[in-house]
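First chain written, first letter: the chains are A, B and C, and each begins at residue 1.
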Amino acid sequence: MQGKRYLPVGILFCVIVVIQLLTTLFHVEYFLTQLTMSAYYTLTALGLCMLMGYTGQISLGQAGFFALGGYVSASLTTLDFSPLRDKGIVLFFERISFLQTADNIYGDEILFLNPWIAFAAAVLLTAGIAFVIGIPVLKLKGHYLAMATLGFSIIIYRIVLGTRFLGEADGISSVPSFRLLPGLHVNGDFSARAGNFYIAWVIVIIGLVLLLNLINSRAGRALRYIHGNEKAAGAMGVNTARYKLTVFIISALFASIGGFFLTHYNGGIGPSEAGVMKSVRYVAIVAVGGMANLWGTLIMGTLLNFLSLRGVFGSFDDAVFGGILIIIMIFAPEGIIRPALFRFLMDKVRKRRRAGASS
Amino acid sequence: MGSELIIQYIFSGITVGSIYAVVAIGFNIIYNATGIINFAQGEFVMLGGMTAYSLSLVMPLLPAVVIAVVITAGVGSLVEIVFIRSLKRPSVIGMIIVTIGLSIIIREIALHIWDEQIRALPFFTGTEISSITVLGAHISPQVLWVLGITGLIVAGLSFFFSYTLTGQAMRACANNRTAAGLCGIKTRSMVNLAFILSAGIGALAGCVTSPLTQTSYSMGSDLAIKGFTVAILGGLGNSTGAVAAGLLLGLLEAFSISLIPMAYQDVISIAILLIILLSKPSGLFGSRQAAALMEY
Amino acid sequence: MPLLEVNKINKHFGGLHAVNDVSFTAEKGSISAVIGPNGAGKTTVFNLITGFLTPDSGRISFEKSEITNLKPHEIAYQGILRTFQNLKLSGTMTALENVMIGRHTKSKSGFLSGLLNLPRTWKEEKEIRDSAFSILEKLNIADCAGQEVSSLPFGKQRAVELARGLAGEPRLLLLDEPASGLNIYETAELGSLIRKINEMGVTILLVEHDMSLVMDISDHITVLNFGKKIAAGHPREIQRNEDVINIYLGDFDA
């Protein structure tokens, strides 16, 4: 029974490996860059899928949490502490590797915060903020909830756009490499393209597995019950406020981690990652993938982001996602990756096979 | 602060505030008729200004404005027929998503028609440097146009909803769609009319403020957020409340310029929105029952 | 011994005094009913007991401890479960999953064990699934266990909702108009089903319109009209009570 759940994940991993090998074969390694970026965006969308699709809480704030993760790390890791080297505490931190050294683009040595510390900071800050705004915001429903989460996204956008420390309109660049394991770094080096590709997708797979587990667990059942049926869930003993808050925090963490990793991969982040348009994209991806459909979100998230990053949509980029939203809601509210559709096709294949065998 | 400056700020505030109020009223009209919150409301304002600008290049100002309003109202009607009506399973999330998608599409189309340049209609009377002295402050005559036209809009709608048969029919629909239908009111037409009205008044507001605040393809979403804030602040569906709330927000923004750096200006209205949503979603003037969102 | 004591509760909705100084008790092991014409406040009383509304005044206690201000999920953990008049099932989930959620108060796994799929949850999941299935069997609807609940006929959906309430092994089960939408035969079946559940040790409190069901199975009836209690007692007494007859049939002297 559990094997059935993890088999598609295994298949996904094989597909990932095959794709990487194919890109080397056809000398299109640059595809890996866009696929890596798509992975982190898809991770963010998966978190939203859990919140919006399964628990039924609409959120237009996912980009805000993505930016939170990215900017916290970017701002912390680009601070140069070398002028403070005469302070005892700075030397101490350097000794215990809280601070690291590297050469900047001018060849000077700089002393910066260990990205692991920044990671911890990003995660804690995200969880904290999600907790604090989640408590009141999740009491809202429908349009009010959408607006409140939209408001959150806009506030983050305005703050990063207007604050010198956060780079204002130019964002933050020269974000250092992030050493996951000895030899495994998250950065934009072309030589490390394949490694980064695998890092990104392994992270996505881990996230996917966690969510698949959650959906089929007691907590996941309670979450699905809250969707469209909050009263009954409460009457059966589900502490709906606590459950909604927890999944909100989980969703925010997915976004924040996605933002963190993408920032280190790209070596920087800009205010556009926080904007309303990005939040809308995540919603569009979840919607077209079928709302309560993790695999749908994964497929559409990767596909759409990849096409967008390759510039296929040209100057109509935002319009495409807007159009998708409308078309899906009107013509296919269940998304286009539907289990029913899949079953329908399988039936057709089976019928044809039977006809072929009997002739 | 000298008293002249204060009067200046007040005029600035109520000018901007009346536009917010008109957008909020547009939200309310559609909300009352359908239970939907039309995220594309701000785009109607933008379309009005932009269309009028293009038309004003080939015809005098007055017909340009009138035709722009009519065209935008037509767009509103079209939007309702093509998109809102064809929603198979009207759910709240679905509605939100569709209207958001619409606002993006309209904005992108505007971008491709008018590109990123900022446009502005010519001043209705005088030029950008003419000024009148009112209560000791020097203000542009356009300000009086804004206040006057907004006042007319509010008064006109008030009259329409209270004393005309169609207006009362719309209110009946808002109250109880099934009952209204049983009385012979064509509810579909009422919904369409709601969109026509909202788009029309939005366009008019867009035209009259264009000389002062300029019009750009992306102004719609900011206006929508502020308009929504005002609508909620005044009590969703309550247009008198919307007027009061709009003026309030406008004044707040005007006076806060002296306190908060420009970059964080918009954070004020969003902060207000969040505070209201989280403490009293029924707004300053609404009732708790009304705040429970209507079924579509 | 009274399991549930409702003591002088009041609830206003704006100007409407929906529940007016209502008091009654439900004895342990009994089947009690609350009846009254439409708008009498019966469902409001239910919502007050189950924590969806808070009384403006008055006390509600369960097994001697006060539950007046508890939230709905806390009430569930006390052992009080309910069904809803307009079925509140999760349409996209299967019948079995709907009943499994009824088991929520009897299980513990949280988010962490859910995310990580820890082995200690496997046994609990099996137990939840098995007990939910056995309840479906007891109600003779085990054949629809794997079907999406929205595709089931109304009568079966009602049974699933009832099964969900039973899954949590409640001490007090509140049934909100369980016979609504059922015909005579189905109502009679429901009656014997409720009696069977009661014999298993569950105290039942029901709100109902259908007189035949109420008179047939109740040990005690409380009658409400316009939010006020106007009569209480054994079914036979209620049947002969003039005030009760008047509110249902109208006042012929007027």
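The rule is short, and it goes like this: a contact is a pair of C-beta atoms (placed from the backbone, for glycine too) under 8 Å apart; a residue touches a chain by one contact, two chains touch by 3 or more.
This is a predicted model, so every value here is computed, not measured.
**Q** Which chain has its Cα centroid closest to the overall Cα centroid?
**A** Central chain: A.
**Q** Report the chain whose CA-based centre is farthest from the CA-based centre of chain A.
**A** Greatest centre separation from chain A goes to chain C.
**Q** For chain B and chain C, let me know how many angstrom lie between their CA-based centres, rounded off.
**A** Inter-chain centre distance comes to 48 Å.
**Q** How far is the middle of chain A from the middle of chain B, if each middle is the mean of its Cα atoms, in Å?
**A** Computed from C-alpha means, the inter-chain centre distance equals 35 Å.
**Q** For chain A and chain C, what's the span in angstrom between their mean Cα positions?
**A** 43
**Q** Flag every residue of chain A that touches chain B in the complex, lowest number first.
**A** Answer in residue numbers: 52, 56, 58, 60, 136-137, 139-144, 146-148, 150-152, 154-155, 158-159, 161-163, 276-277, 280, 283-284, 287, 315-316, 318-319, 321-326, 328-331, 333.
**Q** Flag every residue of chain A that touches chain C in the complex, lowest number first.
**A** 2, 210-211, 213-214, 217-222, 224-225, 227-229, 231-240, 246, 250, 292
**Q** Going by the contact rule at the top, pick out the chain C residues touching chain A in the complex.
**A** Residue list for chain C touching chain A: 50-52, 71-73, 75-77, 81-82, 84, 88-93, 97, 100-102, 104-105, 107-111, 113-117, 121, 124-125, 128, 164, 168.
**Q** For a test of understanding, state which residues of chain B touch chain A in their complex under the given definition.
**A** Spelled out, the residues of chain B in touch with chain A are 37, 83, 86-89, 91-94, 96-98, 100-105, 107-109, 111-112, 221, 225, 228, 232, 261, 263-264, 266-267, 270-271, 273-274, 277-278, 281, 293.
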